[in-house]
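Next, two complexes with chain A in common: one pairs it with chain B, the other with chain C.
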Partner chain A sequence: MTDVAVIGFAQAPNVRRTDGTTNGVEMLVPVFQQVLGQTGLAKEQVGFWCSGSSDYLAGRAFSFVSAVDAIGAFPPVMESHVEMDGAWALYEAWVKILTGEASTALAYGFGKSSAGLLRRVLALQLDPYVVAPLWPDSVSIAALQARLGIEAGRWTEEQMAQVAVRSRSAAAGNPAAQLSGTVDVAELLSRPYIADPLRAHDCAPITDGAAAVVLAAGDVAREHCARPAWITGFEHRIDSGSLGARDLLAAPSAAAAGRAAGAGTVDTAELHSPFTHQEILLRGELGLGEQVTVNPSGGPLSGNPMFAAGLARIGSAAAEIMAGRAGRALGHATSGPALQQNLVCVMEAR
Partner chain B sequence: MKHRAAVLGTGQTQHRSKRPDVSIAGLCREAVDRALADAGLGLADIDAVVVGKAPDLFEGVMMPELYLADALGAVGKPLLRVHTAGSVGGATGNVAASLVQAGVHRRVLAVAFEKQSESNAMWALSIAPPFSMPLLAGAGGYFAPHVRAYIRRSGAPEHVGAMVAVKDRRNGARNQYAHLRQPDITLESVQASPMLWDPVRYDETCPSSDGACAVVIGDQSAAEAAAGPVAWIRATSMRTEPTMFAGKDHVNPRAGADAAAALWQQAGITDPRGQIDVAEIYVPFSWFEPMWLENLGFAEQGKGWQLTESGETEIGGSIPINPSGGVLCSNPIGASGLLRFAESAMQVMGKAGDHQVAGARTALGHAYGGGSQYFSMWVVADTPD
Partner chain C sequence: MTAPLSAPLEISFDYTRSLGPVLAKFMTALADRRILGSRGSDGRVHVPPAEFDPVSFAPPAELIEVGPEGTVLTWSWTDHPVDGQPLDRPFAWALIRLDGADTGMLHAVDGGSAGQMRTGMRVRPRWAAQTSGQITDIECFEPATQPARQSAAEPAAAAAGQAVAAGQAVAGQVADGAADGAEPVTMIITPVRLGYQHTASTEESRYLRALQDGKIIGQRCPACQKVYVPPRGACPTDGVPTTTDVELPDHGIVTTFCVVNVPFQGQRVATPYVAASILLDGADIAFQHLILGCAPDEVRMGMRVRAVWRPPEDWGTTSENIDHFEPTGEPDAPYESYAHHL
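And then the complex of A and B:
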């Protein structure tokens, strides 16, 4: 198989609200400039473009169509779009390079969550006939999962708060982060529930943002990056869409993707865990021991731009390798209610 | 290195304006079960699933593939959801093919659908986002001026659009799955139908359909193990350009021409008119047949209408276009592109039934979307090279 590496990553500032349109152009233009600047590639040298976004988040049909304006796609470009997090756009781009049709690719994701009521919008991902009409929102479903874990002795509210404390602290080094700083467990636990047993710190903030990752094959990667993050495993799986049919304390799709991608060998992991308890759950499913550094960027608990946050996890993990802080790292992305769909990208320095 | 890939089987639903007898999952499963039966495979043989559909607002379900994971047999497997506007069905086929061509998977299931009766596509298309041209009463209002521009530019006689409608609707009458089957339609009846968006009349317009299409794509060993005929994927291509920009040619978009040029080169085709035996082209409004004939290189600029007028695009002509009846007979939007791809495969597999083009060995599947800005295409043939 062709050797493919991540050679660049950029993201928009993670903020509660942007003034830009829901088609992401205002966020994407500077991100493209930044990521292409990093790699020294001109726009015309990008062989394949692929984006991830959601019309429902944007509240309009075809939101990604206008996003193409951020590329300046004339002469026409080889391009595709997934109605998923940009992490899956990166997967499609990786596949495109493996076919030999392109030697470079740029994947991007964007989302303006502030355009609607995010937890209500996400309820529309559920079975449209028998579940969605009841409007179980995304935070409430995560709360059910957290409650099950507490009652099963898998985690405690204190351990959940510790995840938030560590994330906010790590995010102090991430200029794009929405939330960062020093908080302590006792203080967090004194705050009210927003969906018992979840408190505000247990839930990722609502974030507008965008991210872009550049891939390149073999010598092109070496030419445009001093220390490329070579992809050694890239896998994704999905679990049942029926909440009642799932064991919510397991994410078999994450475990299977992790096994196939070689998750057990990394020193650093960026996990797309929008809720504190999900980081604990994912660590177990991916077999990440205590020695693994998790979410050095602060992770989604310090900024969670929908449809870009999973891609940003891969970009952040790659950035650790490119900066020489990690030797072998994974980026993880999730989609759907309560970790239904999961993707793992394992990268290494060479 | 690109691995060989082939279509092992295709399936589609009965397309109707409303399919209240099935859920979205049931609709998809109808197509999937037929595709698997056609390929002689079961869900357990499938390594990954690629789902395509047009905007989620068309059904009012956000990312329905999440809920469909069980019905599509995707649980525990990779599932990708593609959305490239009206071209999405074609993109779904191309992405599924790329998973095999990249050597990532052996057998991939591509599924595309639209269940328009669950929501209101006209409403979903008629929103007014800031800084964007409003579509004005759906796609017809958007594309009619481009058709008018084509007629002016080419000097095509006004009856050519009606001729396309007559041909496609009569072809559709030979297709057991088609939504509209009108064997008795005439040029006069089309020309007497109400004007919707001048110059596009009611009978020159695609219907709104519920429907799904599924295609099983396999690698060389899977193709060689198949009991029946397969359709080898000789080439795929996709190109995108912005919706609006100074100098945009809506009649002959460069993204379409570039995609076609790349496709022909990849397939080793130097004379599309002579080397392609049959084409399934995305024609939602009659006039797009001559327009795309030119954009694809089947005819010189301004001459596409002559090919249509001379009858060469009928079954039995030198370059039959849309023997299935095409989008003018069935338009489950997200599936319409994959239907074009599937029908092209059915032709070279010799499985197109009453609308089979005799001796078809090399075929084109084509789709476009957005404001004539997304193009996806493939060439399939009865031999690998």
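And then the complex of A and C:
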């Protein structure tokens, strides 16, 4: 099988609100320039482009078509889009290279979450017959899962706060992070609930942002990157869309994707866990022991641009390898309510 | 730099959804104030019913009545409900396992305060005063220990909490599963309304502000030197923002056009009329506008046209300041002069 590696990663600053449009052009133009600059590739050398975004988030039809302007897509380019996080666009790009139709690809994701009321917009990813008409917001649904774990003794509010403390501390080294710095557990626990049992620090912030990852095959990768992050496993799985029918204290799709991709052998992991308790849950499902460094970037709790944050996890994990700080790393992405869908990409240095 | 223009944007759509055989029975029963679940091949009872058995993938063999009371499996408390949620005061979301069911159903519990909520507490449905075959027929759940509380007087609006009419169910032909004497429900209408703060790009904002002064501003791409009107956040050829302002005249030529004969919602001009690509003199990219002031069959490729502006007192930061374009009567441009713009 063709060897494929991540050879570049860039992201827009994670911020609470941008002045830009919801088609992402303003965020994407500099991100493309940065990631192509890293790799030394000209845009004409990119064989396939694939994006992840959502019209529900943008509040306009075909917002991803306007985003293509940021590529400079004339003369026409080979291009595709998924109405998913950019991590799934990266999966499509990886498959495209495996088929031999391209030797390089650029996947990107973007979202201006600040344009609407994010937790309400996300109600529309739920069953449209018996759930979405009640408009359950994403934070309240995550809180149902958090309480189950607290009452089952799987985690405590204090452990959840510790996740937030570690995340903000790690994010101090990430110039793109929205939230970073020193906070302490007692102080966090003194703050009010926003969706009992979740407090603000348990929830990823609302973030505008964009991210891009460049893939290349074999010698092209070696030519354009000193230490490529070679993909050794790339899998995604999905659990039932019915919230009440599945055990919310498990994420079988994460465990299955992790097993198939080889998650058990990594030294570093970037987890797409928009809520503190979900990082604890995912560590267990992916079999990540204490020796594994989790979310050295700060993870989504320090910045969660919708439709880009999952791709940014893979990019951040790859960046750890490319910089020589990790030997084998995984990037994880999730989609849907309460960790319904999960994707795992395992990469290594050679 | 002046901030880009932005304005609230509200979009809405009433989704009409066919229910299929399983959910049709579920919704029909709700209209009759009963709750149905499906028994799976493994014996588990799903509520709401599963349209296909999660184990065998076959349609459910039977639907059985469950509840009406149930047990809270987990809950979360919200102090600030958002538009459309079942209650407009603080309440709990909960997964509720109805008596006789094996799965939790997501709904609201009118629990008073977080301090009164408990996992394991018993709840019962509070039905809307008028039911129609929708999940919102259950206005919410309430603690089973409380005296029953009457539903709000305006059930539809209160249950859905929406300014637009709450969902209505539509009775249809399929009699299967109909409650005694009730019309079976086969379709539902679920309104979706979302609010955004919509923002024009920096470049579009310059264009729109100039229009307010009766000027047309294009911008030149610093890479390919083409003049775009409206200017763009990224030149589609080079992927960089257009930069240098170029003031353009309000006249140009029709490069290509079509005659619109099809009526559609929101149409402002009587059919037939002409929608055309218009290339302003000095611009490299055509934009679309209406050609009025002549019969549709007189419009030609290469025809010279000029803008007809609305009265200045009506001008705003909008493309609508130009009502339409009309023929100038000058000789047509030769095909070669605009062939590369097609």
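One rule holds in what follows: the second predicted complex is superposed on the first by the 350 of 350 C-alpha atoms of A that agree within 3 Å, B and C clash if a C-alpha of one lies under 4 Å from a C-alpha of the other, contacts with A are read in each partner's own complex, and residues count from 1 in each chain.
Rule of thumb we're sticking to: a contact is a pair of C-beta atoms (placed from the backbone, for glycine too) under 8 Å apart; a residue touches a chain by one contact, two chains touch by 3 or more.
Just so you know, these numbers come straight off a predicted model, no measurement behind them.
Asks: When the two structures are superposed on chain A, do chain B and chain C clash or fit side by side?
Replies: clash
Asks: By the touch definition at the top of the document, which applies to A:Tyr56: first (chain B), second (chain C), both, or neither?
Replies: both
Asks: Pick one for A:Ala308: touches chain B only (first), chain C only (second), both, or neither.
Replies: Neither partner.
Asks: Is A:Pro133 contacted by the first partner chain B, the second partner chain C, both or neither?
Replies: second
Asks: Is A:Phe64 touching the first partner chain B, the second partner chain C, both, or neither of them?
Replies: First partner only, chain B.
Asks: State whether A:Asp239 touches chain B only (first), chain C only (second), both chains, or neither.
Replies: first
Asks: Just checking: does A:Thr21 make contact with chain B only, chain C only, both, or neither of them? Give me first, second, both or neither.
Replies: Both chain B and chain C are touched by A:Thr21.
Asks: Applying the document's definition of touch, where does A:Ala115 land relative to chain B and chain C: first, second, both, or neither?
Replies: Second partner only, chain C.
Asks: Counting only touches as set out at the top, which of chain B and chain C does A:Ile206 meet: first, second, both, neither?
Replies: neither
Asks: Examine A:Leu124 and indicate which partner it touches, taking first as chain B and second as chain C; both and neither are also allowed.
Replies: Touch partners of A:Leu124: chain B and chain C.
Asks: Quick one: which of 98-106, 134-142, 260-268 or 314-322 on chain C sits on top of chain B after the fit?
Replies: 260-268
Asks: If I apply the document's touch criterion, which positions on chain A are contacted by chain B in one structure and by chain C in the other?
Replies: Shared contact residues on chain A: 21-23, 56, 60, 68-69, 72-74, 121, 124, 128-129, 132, 240, 242, 245.
Asks: Within the complex, which stretch of chain A touches chain C?
Replies: 19-23, 25-26, 28-29, 32, 43, 56, 59-60, 68-74, 114-117, 119-121, 123-124, 128-137, 140-141, 143-148, 151, 193-198, 240, 242-245, 248
Asks: Give the list of chain A residues in touch with chain B in this complex.
Replies: 1-2, 21-23, 49, 54-56, 60-66, 68-69, 72-84, 88, 91-92, 95-96, 98-101, 121-122, 124-129, 132, 235-242, 245, 252-253, 256, 335-337, 340-341
Asks: Applying the document's contact rule, which stretches of chain C touch chain A when the two form their complex?
Replies: Residues of chain C touching chain A: 3-4, 9, 11, 15, 17, 19, 23, 26, 46-48, 50, 54, 73-79, 82-86, 93-95, 97, 103-108, 114, 119, 134-136, 160, 167, 188, 190, 192, 194-202, 204, 232-241.
Asks: Which bits of chain B are touching chain A when the two form their complex?
Replies: 1-2, 23-24, 54-70, 74-85, 91, 95, 98-99, 101-104, 118, 124-125, 127, 129-132, 237-243, 245, 254-255, 258-259, 370-371, 373-374
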